[in-house]
């Protein structure tokens, strides 16, 4: 479509994965962002429509190796590479480029926590200093002026949106948070692994990385910031036989006299002006199928059977609000473009 | 979103089914169509967001019974009712309303064929005279000036797009056409039937209505028109465990010296300016997942093993190009709005 | 197959649902149980092979209305009716029939709890006195001599097997149990409801009956018995887009100095001679797909991130160990047949 | 389970794939076959329960490299290796071993056809001379005395069972056969390929290898044998988002005065004593979900709309009747064991 003349020009690094394709699906109709460079590694040389036939009718630049990219004239990049690889790539990019990074490499303010969590020393600690954690609704002001934004992980996004306001206000006990999360398979990316084959994933569910998933320290970092002290959470991810969708069922204990109705109201008020967060009223439970393909996060608040227990449920599309959609939301903010630009697609159901 | 001031105002009759929701998903961001009335039957009185939570963030009129609708000030309606019911409803609508009907009621030029196919006498034969068959790419000119357009069935849409140009040109034998079609479950609508339960549909496939499906006479009507004589086809539908998607594998015999390359080229040329029909080149086979959620139709042409045989494959989203998308495409044409308006969404994959 | 001459003759009441079909799948090759009566309601008069084509090659009695059944010569029945209906039917059965009931009607020792949970007064309280709760591995001795056994609900089965031994021994705090359960759709039965349609269930997950599901009081009854005092649990069920499978992720707090290794060992020892319960060793997490179609329950024990927290994971097939398989296991016990008879099928994967 | 003392001892070569696991699922309860050797390549050294957790409760030999296997004392092997690899392995096996091979290597009586189809010269042509094509119901007598049986491909099994009797009798025109087949993903094996990932396969269908699939020459070989002359067929496979199941919709032209009723009756009569082939009567259409997990083949015969056209539909489980089940059926025959031994499992639905 015709882009506005004051548009920004971007590249997507690592465009041959699902988050790259998903960026492209939204950016194709973004009024002010124009995609001029697409890089890939083993798939360099092919067209995007060859790698992703659903995008074949778009007129897109060919996939090139990152070394071939000419960054002059480009304003910003989305970086969709695996963690660890990313820090080296970003540290070599020209300084004029703003960066929205979808990997885990710049999510940890403390590079030692990164090292411990991801099993290797951080190789671009000086860049980390500039990085802003890109949970848009919570860190909006910092994002606006950032050069480098680290998009949160999908699980942290779904968990933090309902939790942070409640931890900040003291309405729940930050030491008694249990997050039971269920994700669609696209969260595992497009690489060919036996465990991700259709026949291995369909007609079943299982938990994984119990007690040890790398998103737990990320969640703890942000909840600790909200609590003003160190907090540990229980976080258990599950793999579901769906493409997209991430449901977080979060068990919390009310504190400081808060009732379930209070925290529902507090969240509703906190997010009332947010275009992409809806606090569901009544008995309806958020369902991933009702946010599928959109940048929406649906949040529900329920009373548990046990006294003083509340149950928070959030639903997002892991590829959109949990990755590419939130990335665009941040990119918009960084360029003073209306935050919802390019993201106004309704969920697709069924 | 803000609609243009010269927009048209429409109603959706029978908005609580999947085609109604799908119309809404696209129309929410249509620059020139504004939805002012939504009717439903048993779900009247509820909000659209209650019936379809994925649309909850839209500001929509409440579902009302059709008797409650005030059609003054409305320009046109989409009618999403079941066949047989539809003719009565449409015949009672005010004459100033243009109508795009998604049922089978006005698809048959010959009301006797309708009666034979649908098992009951047509009760609005006079309206049938005005009706135009809404296969957009083929009947565009007639649609532009129609008051009542009958959107083709999903199966006929997928089959006719590749077949009609070839039957018209004589490149294939119209008496030797075999259509083996596979559809997602949304083609069966949202009514609660045992046969459509998740547990009855998942992890399996079966053919149904073999030799007797109601879409066969509809396909024959249009192919007969293209051939200039009466034509019978073999058509076998299958039910697949997917939500959306309709793949038609069509076995044809080449005629008049045509080769496989010729018919591929003929189709490519026939559709080269069409925004919603792509003839796939090379070895790639059309896949429903690559058109999911979009108004696209992908067509492939292949050589069979047997001499003189060609295999045409088309893929559409049965709810979009096979229903609501094509309905909007027609509505645009009927109001001299750019044909693609509101329909420029990329497919969603995965 | 040829049955042994000392076999028992049974009827299945309500055979046209999924649990009825699943009983038949196992009993077809049971060496000592012969099915002589199959009853149904709206489907009476049809053959089982018509209602369930996968069983068409078995030589089975026709479906009859319950009033038509001749119970003389029959030893026992499986009752697969909905709750509430069941109590009336069972109270009218001849006294010589042993009964394994799959409904909720006789699961509550206290009929007032039943009334409160299921919203109506119990109409056969005298029968309740005789009923034994059929969680086989826990109540084996009582089941052996019972006339009426109430098969536990699917969720209670998955939750109680790992929990009861630990609550009994005091290794976990019974007041701090959180059960996050995920079930396949067959748990909802075969009735035609919009919410259970393929298009409503696939590609998504949601929680339901949060804080209010009827299986919570059932779980509490048995855990209270194990604890020797009244216990309340947090229980949240989720609906998954799979046919079969029930995964329970259970968050507990260790008590009385127990460590995670201790409770894993305790469970392994408790179940070491059980043919249908396996405590998984090492890092592997139980997955529903690895018990699919079998009477197995896989249990895993993991350390949480928080100090003193353990995470128990159990996987069963809700239709087998959670319903029909456990029913047969109980029926075997009640007739002094080897407990595993007819149940020795391996899981089916993929 | 306890095996009979006159049992045979077998090995499974290539046991870490889906067909190996499926052999094991059936053989675990086979009254006369005992599995003593399991070989694997990259997974050698692991236990079968580690590679396939659903088999973890069986007491099985460890996976060893084929070079480590001691074939003395072994009577027969199932060979589950990829084509091309297989011929080398089998030609090195001791001569006392009977072999049931699930690969394509010994399916072609004419090694030149093999070479042309599989793109390489056959390296064990002398073994080919002894090989028998293992379509059990058709080649039963030859199989009984064979040393080496080549199990047919899954697609050829589903297509040939209904076609061969009709081609043999001349009731259909062998030059006008169109086979439109739809398979579950397990037909593609367990190797880690991007195309077989859950996210690439789910919610969609596509045709592949149109006009060029390797199973077409295999089907033609057997149909030519049945026809007594060379026959070419049209065969188009499709990939479905299901684990198991293969539906073949076959379009044929009646010949020699045969009517649809005649061929239905002829097939019913041809297969009336077969335990694993059912000709469905009435309007019901075979569905893959009704044979899932079993060795059954369901066949339906229907009239097409076009005069003289009939439509045959067959449904099998590609992993069972299309691979491991038929392999056991053949193994039984080769050892004079009752043909159904170990295979008497009902289909699993849902």
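Order of writing sets the labels: A, B, C and D. Residues in every chain begin at 1.
The definition used in the following text is that contacts are C-beta pairs under 8 Å (C-beta built on N, C-alpha and C of every residue); 3 or more make two chains touch, one makes a residue touch a chain.
All of these numbers come straight from a predicted model, not from anything done at the bench.
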Interface composition of copies chain C and chain D: same or different, split at half: same
Which of B-C and B-D has more C-beta contact pairs: B-D
Maximum centroid distance from chain D, chain identifier (CA atoms): A
Whole-Å gap separating chain B and chain C, where each centre is the average of the chain's CA atoms: 45
Rounded Å distance between chain C and chain D, as computed from the means of their C-alpha atoms: 36
Where chain B and chain D are represented by their mean Cα positions, the distance between them in whole Å: 39
Sites on chain A at which at least two other chains make contact: 18, 186, 199-200, 202-203, 241-244, 287, 289-290, 292, 350
Residue ranges of chain A touching chain B (in the complex, touch as defined): 1, 18, 21, 24-25, 28-29, 52-58, 186, 202-203, 243-244, 278, 280, 284, 287, 289-294, 296, 298, 344-350
Residues of chain B that touch chain D when the two form their complex: 175, 178, 180, 182, 199-200, 202-208, 210-212, 216, 232-236, 238, 240-245, 247, 249, 251, 285-290, 292, 300, 302-306, 309, 311, 313, 315, 350
List of chain D residues in touch with chain A within their complex: 18, 185-186, 190-194, 196-203, 241-243
